[in-house]
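Questions regarding the structure given below will be posed in turn.
By letter and in written order, the chains are A, B, C, D and E; residue numbering begins at 1 in each of them.
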Amino acid sequence: MLVGLLIIVPLIASLLVFFTKGNTSRTVALGLSVVEFMLSLVVLFQYKHNPASADLALNCPWVESLGIHFAVSIDALSMLMVLLTTFLVPLIILSSFNSSYEKPNSFYGLILLMQMALLGVFTANDGFLFYVFWELALIPIYFICLLWGGENRGRITFKFFVYTLFGSLFMLVGLIYLYNHTGFSTGIKSWAVTDLYQTGKSLNLHQQSFVFWSIFLAFGIKMPIFPLHTWQPDTYVNAPTQGTMLLSGIMLKMGTFGLIKWLMPVTPLALAEWGWLAIALSVFGIFYASCIAIVQKDYKRLIAYSSIAHVGLIAAGILSANQQGIQGAVMQMLAHGVNVVGLFLIADILMRHTGTREMEKLGGIRNMNGNFAVLFLIVMLGSVALPLTNGFVGEFLLINGVYQYGAWVAAFAALTVILGAVYMLRSYQAIMLGEKKDSAIAFGSLEGSDKWVLYIICAAIIAFGVYPKPLNDLAEEGTKAILTYINN
Amino acid sequence: MLNGIPINFYIMLSAVLFIIGAVGVMARRNAIIIFMCIELMLNAVNLLLVAFSTLHNDASGQVFVFFIMAVAAAEVAVGLAILSMVYRNFKTIDIDLLSRLKN
Amino acid sequence: MKGLFIISALGILAMLAEIFKFKKLLYPIVLVGILAAYVTNFMEWGQNNMSITMFNNMIHFNDMSLAFSGVILITAFFWFILANDYFEQDHVTDHFALVLFALVGALMLTSFRNMTTLFLGIEILSIPMYVLAASRKRDLASNEAGFKYLIMGSFASGFLLFGIALIYGATGSFDLMTIRSFISHANGDLPSFFYAGVLMVLVAMLFKVSAAPFHFWAPDVYEGSPTVITALMSTIVKTAAFAAFMQLFIIIFGGVSQSWSMVLAVVIALSLVVSNITAVSQQSVKRMLAYSSISHAAFMLMAILANTRNFGSINAILYYSLAYSIGSIAAFTVLYNVSKAKNSSNFEAFNGLGKRHPFMAACMVIAMLSLAGIPITAGFFAKYFVFSVLIGTSFKWLIILAILTSAVGVYYYFKVIIAMYFKEEEIHEEVTMETSHVLLLVLTTLFTIALGIVPNYVIEIFS
Amino acid sequence: MIKLVALIPLFPLLGFIINGFFGKKISKSLSGWIASLAVLASFVVSLLIFMELEHSEVKSHIVPLFSWINSDTLKIPFEFLVDPLSSWFLLIITGIGFLIHIYSMGYMHDDEGFARFFTYLNLFVFFMLLLVLGNNYLIMFVGWEGVGLCSYLLIGFWFKNTAYNNAAKKAFIMNRIGDLGFLMGIILIFVTFGSISYDQVFTIASTGNEGTVTAIALLLFIGAMGKSAQLPLYTWLPDAMAGPTPVSALIHAATMVTAGIYMIVRSNVFYSMSEQASHVVAIVGVATALFAATIGLFQNDIKKVLAYSTVSQLGLMFLGLGVGAYSSSVFHVTTHAFFKALLFLGAGSVIHAMGGEQDMRKMGGLWKHLPITGKVMAIGTLAISGFPLLSGFFSKDEILAHTYEHSPTLWFFGQVASILTAFYMFRLLFLTFFGKFRGTHEQEHHLHESPSTMTIPLIVLAILSMFGGVLGLPEFWGTTNWFHHHLDPIIAHKNPSILNHTKEWTLMFIATAAALATIFFAYMVYIKNNILPEAKDEKLTGIKKLIYNKYYVDEIYEAVIRKPLDLLSEGFYKFLDLQVVDGIVNGVGSAVTGVSSLVRKVQTGHIGFYIFGMVLGIIAILFFTFIK
Amino acid sequence: MLGYTITQWLFGILSFLAIMFALMVVFTRNPVNSVLYLVLTFFCIAGHYLLLNAQFLAVVHIVVYAGAIMVLFLFIIMLMNLNADTEPRKHIVTRVIAGLVGGVLLFVMVGALKGAEQLQLVHGGSSQIGLVKNLGKVLFSEFLFPFEIASVLLLAALVGAIMIGKRDTNINSKESTN
């Protein structure tokens, strides 16, 4: 029941927020999202206490005749993703306190609606439900980007929408195909995830390949991996900061999460047959996006490309299908979620304080605000996966996992260690260091909410870098569970 | 009274009439003539139905022809009404000039 | 069965209203009448033996036809609310009568059991539609629309009749059940002109549901007709046509599907491509909706193509037509009000609607999402059912094509959304809406979402 | 006490936290003292632990802290290892670290970033301690990257200067290149042995096949090359002199750069197993030693000379490692830490006095102005040059002796590097302290000896540089080499000396003679003949120019790596991404629109055409059904 | 006569005439002539009906088509004053193509409609089905429902025709494009 509450609360919150006005909207939204975070902590507590608790699973028939159930549950993996979501959403809301948006009620309502959909995606145990939530997550973010985005938002958000929708329709076909093959022995068709696993395995290579690619396409676009990524930088740059945070911090994880839960265990044969290609794309994407990030001039776009690089490594880790790879991917998903929100907030702060994100025009901000420089530095270090920051654990495990798939692949993938440092340090230097440029002169001290968000993020970066055990244990457990499905 | 004509002949005859009607619809510009060609097509069908009716010694074919006639009459009534209205507004019933709605 | 009679009576009543001077009362009477028809329709549910003996199996209301009648009646009810102020003009009683007569035809198409009733049903449905399309007498577009519809409709009727004649020739009967048993007894030993007949009937039906390459009339007629009539065409007429199509080709000609399924597949593919591609460059929302209706027709045809025996296809079509009708009504309601205020049905007319009239814009968004097939709207499940029945067949490539074209489809649906929320209005014209229309929008939007959340009640009808 | 080893990194961490959060709010001296005392506390604990270990029977103690990363079979606890090697390094780090902290209080006194400086220094000490204390490779890696970060922060300490920032960035990135090798090495260790904890890995190391072990050793060595500035990853170190001088002393001379040595000594099991890897280490070492020494000959920046000298000395240490003289290398690390820290700090004192001037061409005759500094610098120079009985003499000699044992050729090159070292170091000494003052009048007026916070550490270090050699007196003198015995427990394969005493004596003699001759030569050149380096860089020609410009290695990197990478990136972005990939996506979009505007033309509006289309459709249907 | 029965002769002649007249309908430029040719075609078809023993239907056919519908056509043509050869013709290419398409359609249809060779007209003179009595029985029993519902059709057509034909009472009523 708890898990049902987890999904319902943001929905109710979103409806409530729709009926507020002005600044109350954001306060209410923040309050409710914090409540949701508390709730997720309760869930965590419950999970730690008794993972098999009935509170953590909900399964009621939805469309009985089609075997569709509203089946959601918390396992280790979804617990982590839920925590990530509920942790980030209040931060994202808080980070918006210094921007004034028109129609704040709609804005925050949509964010909370999005949260609901995301939580649904992460907890769904029914293929159909997963798909529905998956698509549902697209709509609020589309409107967030369309209504509050930058200049070219019409065209760009549209491209984003069509691109991702296009992918997910293929996923739908793949899922339906699986569903149609369920109940081979019993005659009862089912959307339950375990049934889909079994069905997937019973298919021959040809069929599995069909399923694999049709589903992979959706995830590949969402993450995104090379060469399906071109919607992403434009969208990130044009979306309002909070939208970008949602997109990169959480929504991106839908793809990687989907890969782990909804693809890997389903098509083992196809994975063996085609995994190399998917990994090759992911790994090439790391190098490719890192290189591109190096030559970016707009800081937000740079982060966007860095995100592609990160997610390439995550995907490669997942596809290498071993404990370290997947666990690393999970850890990196959490870390990346937190870090990238921090980075985009920084981009937003820069924009707000200096009016530009062009790195050529920025410079020397450290002279004006050392505090900000330190916070920025910490977030950046998290992003380049320095040890004792949260990024490191995941990255180490990921490279380890990929290494077990192929040493040279790993070596190539690990170029991100170097290239990541190159573009991150370059941008940090360009923005913060050196003599102060004109744009930096007006850079005063940070507003309270920005500061707090950054504090929290930095605290998280360091805390979970030094002591990742709580998350890591969950990730390990979740990975083991998935691997038993994959290997059986 | 008149045995010995293969049904094929009737089928072919009505097919030919039907196609002549269709060609008329395609080839003419005068809406009334097009209408008449459609009537011709319907009559081709009528003929075929009657032939089959006799073939099967089944009256329902002929009854069906009644309904076609009724419908044809109704269609003509409505059609000519619309046509005259079009003529009123466009001052022509040349179908090639009735092409403002396009693309 | 009784519903059919009630509607016929209502039609005649409407006709007489002018003579007996109760014009003012007519509107409520009609609404109540439609509800009554719906209720009686509903009450007949489950009694499968109605009227077989009474009418020599000319017409037969079983659960399936009742379900489709239900869809048609619900849509009709909504439509009458939409058409509320359309009827404030001249010839109100005539309009009422014509629409009601068309409804009679539509109901017949859900329940015919004989080629005669099929033919009559189609004509009873079509002839009032020809008139209604042309009903703005001094509007050249309306004239042209009515005229085109008439000519092409009659032409298609010719093919229908030729097909029926050939089938009659081969089987010796107009009775569908007889034909069906004839087919199953023949074991494939049928004269080739029988197949030609089937194909000609197919062509005629494809024309009625406006599938490429028999779709040419649809965009022109939709655009030229008065908006409310276009709404009628794209909902009730389409549903009825599909009910007929489905009965013919799943139930009757399902036995000879090998003769028509490939043809149908190609037609579907062509329709998907042509409609979606063409819709992209439309400037008029109305015309865009016309092309979109072609693509929806293609989707419903896919369900027919799948031709599954376990009611999967029928469910899919039923659900699809309901979802599509409701969504269309909502879209047309907004379009009607916008174009009334702005005197244009182009995309530009929608500019800035998101700011000016958020409620209307929101409803339009839901409608567009539904038409685009995005969860959790009704349109999504509609597409889902189609995919799920088709995926078991050898026509999987059609699904891929459908996805590709759906992505294109999103483009033009979202053009409306982008116009409403992203573009600025150039000249401000106050868009006002009657209370009844607000109510209608609320109803249809809720209905759309409810259908998307709990589709059970519709799709489990035949399980 | 050993159980409390966690205190050692904890003190600097606390210092870091206090200074980090409150540095701006408290007075400069307070923050300086907090930082220094934190390191002192660590030093005291280290010393106590060292003593305890010395008297303990068991030479290796694992102190678990908490479980860090667990992934199925990969279990990485956060635990510390106290053994002779780590305890020795603890002493060096905290000891020299403390002295440098004290020195910095004087040196950085006027800097506005005073507290920040100590924050970074403490953080550095913390990471450096983690590096040597960790009981598995990943904790070493943590420290490894951590010190890299601190190095980055401290090189770019004066962040307004773009050149400094570039140097910092370069240091970080070059280190990262090495780190990547290290990381891959760690992973290969895990994949091969199923663990990365030293105790577990080393006990089963012999089960690994030689190819794998070689790969591991080489990957680790790549890491060492980056951190310890070996060819070809050395260029960052001279640039790193951009940082404040105490930083150069602590990080870029005494401690961090020796992390590579520590790592290889720690992993000596692998290197002992792999002949090839050892060869590579030795060759890279000697090449670096020689290469850097030649560059050092012509540098005019006082710190750059020291930097190249550091690179060269590190090369020498790697040579020692490559020939299996692990403890000798550690010994040299120790003595090098003494005298190089001394030299850097002395140089710092000079720079301090000169008001920031680093160019030796503008110095000279400082001996009388800076008496203490001059003297300690002289001691340091003698020590590094291998002047008999000073610390450098013993440690360098050990390495060279072992090298000779291994390969006389390598020994020769090592010896040459050593001679060059003596030459440029004395060049430095003579140019700086002797002759006439060549700076501006204002500078001359300003010259003064540094405050006692700076001179005291110098004196302490000078003493250590003089007498540090007693730790490892050569055994053929009949004394015990304490150092060897101390490190014995951690060396897997000891190779006892096969040289006879005569040979050892000969080698020692050659070394001494060469050093003295070189010193004399330098004296002749710079004091007697008073030959000064060209005042203008442009006037250099030929080889000199080549060497002065560091063999254009930076330029080569620029041309071979950076430019192509930038070009590739631009190509990826401008062409592949925007044109091809996105072009395809957008192309599909515009293709649809384009096709659409074509297709819509089909809808001509003519009924005749429509009917025509329908009939064609019917014909097609009938044709394909019945005729074909 | 040449081995053909009278029926066959009659069939041949009637068919020939029907086709000829039908072609004339299409090819005559003057609409009035077209109408008249169509009436002739209808007479030929009525002849066929007689041959097929559908006497009643033949009569009805003449009455309805020739007597009513065609008169209506003529009436409209006269009303619009189209009694001339001035109708603009489609482009010659269009017409040729139309003819060709017709030919192809015929070819395809012939291909499609084969398979009836084995079926012979089984009943001839003895058949009573075409008589009024018989047809009436069928119409009012079996086809009662369509018969009744056809009244709806006719009503609809009636209402529609009236509505279209009627002049608007208020000419200046709002007229918009919806």
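As a working rule, contacts are C-beta pairs under 8 Å (C-beta built on N, C-alpha and C of every residue); 3 or more make two chains touch, one makes a residue touch a chain.
On a predicted model such as this, the values are computed, not experimentally measured, just so you know.
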item: Third chains touching both chain E and chain B; value: C, D
item: Fewest hops from chain A to chain C - one hop per pair of touching chains; value: 1
item: Chain pair whose interface holds the most contacting C-beta pairs; value: B-E
item: Central chain (distance from its CA mean to the mean of all protein CA atoms); value: A
item: Reference chain E; chain at largest CA-centroid distance; value: D
item: Whole-Å gap separating chain C and chain E, where each centre is the average of the chain's CA atoms; value: 30
item: Centroid distance [mean C-alpha coordinates] between chain D and chain C, Å; value: 77
item: Whole-Å gap between the CA centroids of chain A and chain D; value: 37
item: Centroid spacing, where centroids are CA-atom means, of chain D and chain E in whole angstrom; value: 102
item: Two or more partner chains touched - positions in chain C; value: 116, 120, 123, 127, 130-131, 134, 137-138, 141, 148, 151, 155, 166, 169, 192-193, 195-196, 199, 219-220, 411
item: For chain E, residues that touch 2 or more chains besides their own; value: 90, 94, 98, 101, 105, 109, 112-114, 116, 119, 142-143, 146, 150, 153, 156-157, 160-161, 164
item: Residues of chain D whose C-beta touches two or more other chains; value: 589, 600, 603, 605, 607-608, 611-612, 615-616, 618, 622, 625-626
item: Contact pairs between chains, per stated definition; value: A-C, A-D, B-C, B-D, B-E, C-D, C-E, D-E
item: Complex contact set, residues of chain C against chain E; value: 8, 11-12, 15, 55-56, 58-59, 89-91, 94-95, 97-98, 101-102, 104-105, 108, 114, 116-117, 120, 123-124, 127-128, 130-131, 134-139, 141, 166, 169, 191-196, 199, 226-228, 336, 339-340, 343-345
item: Chain A to chain D touching residues, read off their complex; value: 159, 163, 226-227, 229-231, 288, 291-292, 294-296, 323-324, 327-328, 364, 366-367, 370, 381, 386-388, 392-393, 396-397, 399-400, 403-404, 407, 410-411, 414-415, 417-418, 421-422, 425-426, 429, 432-435, 467-469, 472-473, 476, 479-480
item: Touch list for chain D against partner chain E, complex; value: 608, 612, 615-616, 618-619, 622-623, 625-627
item: Touching residues (chain side chain D, partner chain A) in the complex; value: 66-74, 116, 138, 141-142, 144-146, 149, 152, 156, 159-162, 165-166, 169, 172-173, 176-177, 179-180, 183-184, 187-188, 190-191, 565-566, 568-570, 572-573, 576-577, 581-582, 585-586, 589
item: Chain C partner contacts - residues on chain B that touch it in the complex; value: 7, 11, 14, 18, 21-22, 25, 31, 34-35, 38, 41-42, 44-45, 48-49, 51-52, 55-56, 58, 60-61, 63-64, 67-68, 71, 74-75, 78-79, 81-83, 85-86, 89-90, 95, 98-102
